[in-house]
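Which chain is which? They are A, B, C, D and E, in the order written, and residues in each are numbered from 1.
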Amino acid sequence: MSTQVPILAADNLGVRYGSFVALSDVTLSIRPNTIHSVIGPNGAGKTTLFHALTGRVRASSGRISLNGRDITHVSDDKRVPLGIARSFQVTSLFQNLSVRENLRLAAQGRTPLQALAPWRGVDPRGGALAVADEVMERLELAHVSERAAGELSHGQQRRLEVGMAVAAKPRLILLDEPTSGMGIDDVEAMKALIRDLGRDHTVLFIEHNMGIVMNISDTVTVMRAGRVLVEGPPALVRDDPEVRRAYLGNMITGDIA
Amino acid sequence: MIYLFQLVNGIGLGMLYFLLAVGLSIIFGLLHFVNFAHGAFYLLGAYLVYDMTERGVNFWAGLLLAPVVVAGLAALTEAVLLRRIYHLPHTFHILVTVGLALMVQELVIILWGPVGGNVSPPDVLGGVFMLGDFIYPQYRLFVIGLTLVLAIGLWWLLEGTRLGAVVRAGSESTDMVSLLGIDIVRVNTAVFALGAGLAGLAGALAAPIRGVEPFMGVEALGIAFVVVVIGGMGSYTGALIAGLLVGIVQSVMATLWPEGARLMIYLGMGLVILTMPRGLLGRA
Amino acid sequence: MTAALLEIENVHGYYGKSHILQGVTLEVRAGEVVTLLGRNGAGKTSTLKSISGLLSPSAGRVRFAGTDVTGWRPHRIAQRGLALVPEHRGIFGLLSVEENLRIAERKGSPWSLKDVYRIFPRLEERRRNGGGQLSGGEQQMLAIARALLNAPKLLMLDEPVEGLAPVIVDEIVDQIRKIRATGIPILLVEQNLAVCTELADRHYILELGRVVYHGTHDEFAADEATKDRYLGVKAH
Amino acid sequence: MNRASLHFVLAALVAIALPLFMRSGTLASEVLIFAMAAAACNLLLGYTGLLSFGQGIFFGLGSYAAGLTLLHTSLPLGAALALATIAGAVAATGVGWLSIRRQGVYFVMLTLAFSQFFYFLAYTFKDVTGGDNGLLNIPRPAIGPFALGESWAYYAFVAVLFLLVFAALQRVASSTFGRTLLAIRDNEERARAIGFPVRLFKITAFAVSGAVTGLAGALHALLIGVAPLSSIEYHMSESILIMTIIGGSGNLFASVLGAGFYVIVSDLLSSIWPRWLLLLGGLLVVVALFMQKGLWGLLERLVEALQNGRKSPVEAPVRPESEGRSI
Amino acid sequence: AGEAITIGAPLPMSGPFAANGKFGSMGTAMIVEEVGKILDRKLGYLEIDTEGKPATAVRKVQEAMERGVTMFSGGILSSEALAMGKEVAKGNGVFITTAGADEITGSECNRATFRWSVPTFGAIEQTVRPLIEQLPNAKRWYTITPQYVFGDGLLNAAKAIFKEKGIEHVGNSYHSLTEKEFSGYLTNAMAAKPDALLILNFGSQSSDTLRQAVSFGMKQRMTILLAWASGLEQFETLGPDLMEGVYFGAQYWHGIDSPFNRELVAKVQAKHKMNPNYAFASAYLTTKLLIDAAAKAGSTDGPAVVKAMEGMKYAGLTGEEEIRAADHQVIKNYYLLKGKAKSAMKDKDDYADIISFGKSFQSPEEALCKMA
């Protein structure tokens, strides 16, 4: 298993915001069809890592490769057709469009140039719409399918946010704190969903809910101050004294079942 | 030698442009309000001074009074009209303020006639300043000096006081500012009045230089936009630098390549935006 | 028993034509921490908004410290000492961290800038940073710190630990306890039952814009049926 | 009948109704010409969220292109119109390509700067454009067997083109492309994050808009026999934008309403009072304050009020949430 | 009596030239009212607001022609006048204007269009030449010119005279039609140390230039000539302080000593309590020309009226005037005025004295008019 080509690999990745170094020397390797989580204190650079991997911010040093192909200089929108999709920590939806349209667009994003022809109509039986409906079912959003995304409650928006990444049918899905803002019951459901996604996709996710992280991850990467602190299976990470001190604390959040 | 003269002249122009533009910049950058009526306040300032001097009021009194009246009118407009549309997209800001500018312009024509008039500088400043070959109207020198003093005062107000921070905050989320117990509505009115008052002052100061006519507002608006965009919206220092830059370029170009002066300014503005995303010093 | 500091009585609220709050009644007394629970979309945030004046109640009363503040503009309510930390945090991105704090400073607050820097050292490290450049957790800390400087008589926190690292959650829970210890009551909206359990004296559960359950902490802790029914928490 | 065909029928009705109510074919033609320009502007404003102050560039270039073709070559009318359309599209692609590098107000200002730039260009190259005098003597040749000299004959020609263009724009707006534009308008970051090359889409929108605006400019030059400098001035951009906003930016037919209203009301007001701009100004303020959905919104409210008058006005309470919340 | 006869008055009633439009309209109204009736039909006029835009002007003229109007008097801006002239020609009407561009009776001349005002050539001949003769010591001249056809027309005419008279042309500053700030150009001018400054722009631009030149103390250091002033309406905005000692070229001045003008001044004084300015008087006269021609032709038919106007000689505002048939240019005087001190003014409008006047015109061939 460890000899497999990683689906995504980051090599000595560094990112700076102006003079502030948000990420330095991060080396990461995600094996296909695994669930890989990233944890770490607030401001450790987790979201920044996601930004770099998806191309939203430019890496100031290092290399990123997808299935062995160098994508360091591929722009963010061009990485989607290559099979990377993500959700955002701060909800970012098409507020004025319906839930269904949000998801249809997310599905369409894999073949964006098809949408560039100004004369081509939306195929009612087409793939994108079908995917949208499927995702809505999966995320229990079908009953609000025609509502504008901006009118959903915070928790519903969070679910749609994750749905947007799922709808792109990526090979690698990046979820930035998928359960934040979700109801207690939804957290359980999300846990199930991520586990589920892990079967036919590769999942990389950031989470502060240790209940999820420790239960479903194959690998956990702990970051601190822009660097990788520890990486390994959940049990190893949980018992690392450094991780406990820097991050886990007493863990009143999310009991590890 | 001539370029030296043009440089001084450019600084004189530039300081006036700064005064004109800085109000727009404040309103623009801090309230996120696109104010196409800014020129109308400039127009009003000029006409108020004109009207008062025609009635025999002392020029200095006029210079003091005109911006105050303009600020008052602006506050009223803001309270009655503009605050209802802050939350709407830019399109509506433009619609309302273009409408307002048209109304002011036509009202000016109705009140003072379509031809315009002349404002004499006060007698003490009526002459020219001479130094060898260098000749410069005393009144223009006075304008440079006055705007310099104002520039410093303004800088302190915007960057050194809490008011500045509050208004910037309000430009992002009025709700959140209210939740901190600050009456953002009043702050906005004050800022709008300040910006408009500065335009009124610029108009009042410009009146003896270029006379008054009903369409000077539109022209001023164009210049103000160029300055604000080059300097960066919401940036005080940007407005100052850009104002001077535009003034100097315009003046020097008058010798270098007069036909292309305007073209250069717009070309320059385009280049600045393309190479510097937020103008020279804009924040967001 | 002390008189209620905050009383809301049969409050109704609309977004456009949707009737979201359908008669919410609850109260917060001096010195206690009350949580408002409920599923996503139950109307918790909307309730806080109607208290703080962001959402004008179409019917019902909001009384704070003996004054009827129904329909007041938000800044007047805030000046009375009702502080809300909204779920989206409301950090001013154009202002630096310190400016964010400074504009909230009000005379009579038991906390000073120094105090909040002591509570949240991370903020002091990043005090010159733009508010928009903070990580999610840093923003949450800033939002709470800001509310503290605003001289609150009652603090309303909308999901304060959302997206925070466990150590920080501990920290914030600690701070909330300390705030309570100063006698300032807290109305807390939270999805994290563990946090609620740590802190609350009483609980309300909201569903479809109505209060469907109300009980003291101990009653609630024992009532697995209620938890299951309204919050979908299965006893494992 | 779906929304799109309803709007098309409405547009056709306008084209048919104008001759019944208007004395002059010239004014009627102008209404439809600006309706095209406004609808094209709406594609940028309403669908892509781009507030372009550059529409006058494309309009003016269309005028010049058609004028120059007819003056200096023996190409037929159709070719002149096609060239104007291409000129509009090419200029729009260029202006779009540069302007969309910036967002928000800076974008608006860039388009404004370009519009000034093109104005001075046209002003300076007076040998080509006629400078301040404009391009004079533009003929209006027949199209096949149909002479267009008479003003209603020309109107008929314009009306046919207008309906074709309107239908085409509708098609664009409802295509996947148009819907993607709506998404971009709503949240550009997200659109990019889900894989859309946002700039390419915006430039394409610009090109389509510029093409239609160029065509409108050409038709206008033919209408008045001149390609004046004022067609490429900043005020032209402003007028087109105002028409679009007054109409309402939600759908394309709204722009037809806006253009018709603006052109006819301006004509009316200016004939009754020299200070008519005062009234126009007031009107703009009123629209922004009370009719944020524009004339179209007003129309919708009217229709709704009529329907409610018939039906009982009681609304069923909307239940905000439903049950079943596991993923 | 048949249907009423309507004369179209396409004028910029709104926009930057609204002042001219307003007085033009008053002038037309006055003569129409005065005449009342011709060919046994009631006479009326239709005020058409061109908004100063050629497009609007053409569209509205088109509409008026569809309604049966054949005679038009108006058009203040060159661009609108040129465009309207073409349109009126297409519709077989007749149009008389006072706009400045040489092309109107030059390269773009046509059957339907007449022009009352003196073109650039005559304006310079009647101002620069007499001034050079009056001031033999002014050997160095500087010019400020708006960059477009009209400005070049003036400049070329001036250069020709400079050359002929051995005057040194020490420099020229071009500027665009939208320029309002002239201090840069004036700085150039001062650096060239001229004896005379020739201002070749018009309207508010010329006022701005003069105002700023005076503030730079240039009046004390050189002679200033503003070759194309609009007369009373401009002088009112300038005021005697600026005008004193400055020379102005003008198409018309209410102080002209001709029978027709004296009569007009009296009438306008009686009716409007003011002196007629250029826009007023010229509109009055050009409308009158149309009316007279229609009466003479016995028809309002465009071509008939044109025929009647061609070669017409009459006692006009500036004395004897004649409509040249070959290019439809009215042959009339152009005036050189000199501003006087406030203390020397006899009444509130007595801003200037006439120094000299005369008629200078290029031949139609020189003006490049080839009438179809």
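Convention: contacts are C-beta pairs under 8 Å (C-beta built on N, C-alpha and C of every residue); 3 or more make two chains touch, one makes a residue touch a chain.
All values derive from a computational prediction rather than experimental measurement.
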Shared interface partners, meaning chains that touch chain B and chain E: D
Compared with chain D, which chain's mean CA position is the farthest off? C
So the chain most remote from chain B by C-alpha centre is A
In whole angstrom, how far does the Cα centroid of chain A sit from the Cα centroid of chain B? 48
Could you please state the distance in Å, as a whole number, between where the Cα atoms of chain A are centred and where those of chain C are centred? 29
Rounded to the nearest whole Å, what is the centre-to-centre distance of chain A and chain D, using the mean of the C-alpha atoms as each centre? 42
Please report how many Å separate the Cα centroid of chain B from that of chain C, as a whole number. 44
Spell out, as numbers or ranges, the residues of chain D touching 2 or more other chains. 120, 124, 275, 277, 321, 325-326
Overlap residues in chain A, where contacts from two or more other chains coincide: 153, 159, 183, 185-186, 188
In chain C, which residues are in touch with two or more of the other chains? 18, 39-42, 232
How about chain D: which of its residues touch chain B in the complex? 45, 51, 98, 101-102, 104-106, 108-110, 112-114, 116-117, 120-121, 124, 238, 241-242, 245-246, 249, 275, 277-278, 280-285, 287-289, 292
Which bits of chain B are touching chain C when the two form their complex? 162, 165-166, 168-169, 171-173, 175-185, 283-284
Of all residues in chain D, which touch chain E in the complex? 23-27, 30, 120, 123-124, 126, 131-134, 136-137, 151, 220, 223-226, 228-231, 267, 270-271, 274-277
Any idea which chain C residues touch chain B in the complex? 52-54, 73-76, 78-79, 83-84, 86, 90, 92-95, 99-100, 102-104, 106, 146, 150
Would you mind writing out the residues of chain C in touch with chain A in their complex? 15, 18, 39-42, 45, 87, 122, 126, 129, 133-138, 140-141, 159, 161-171, 173, 191-195, 198, 231-234, 236
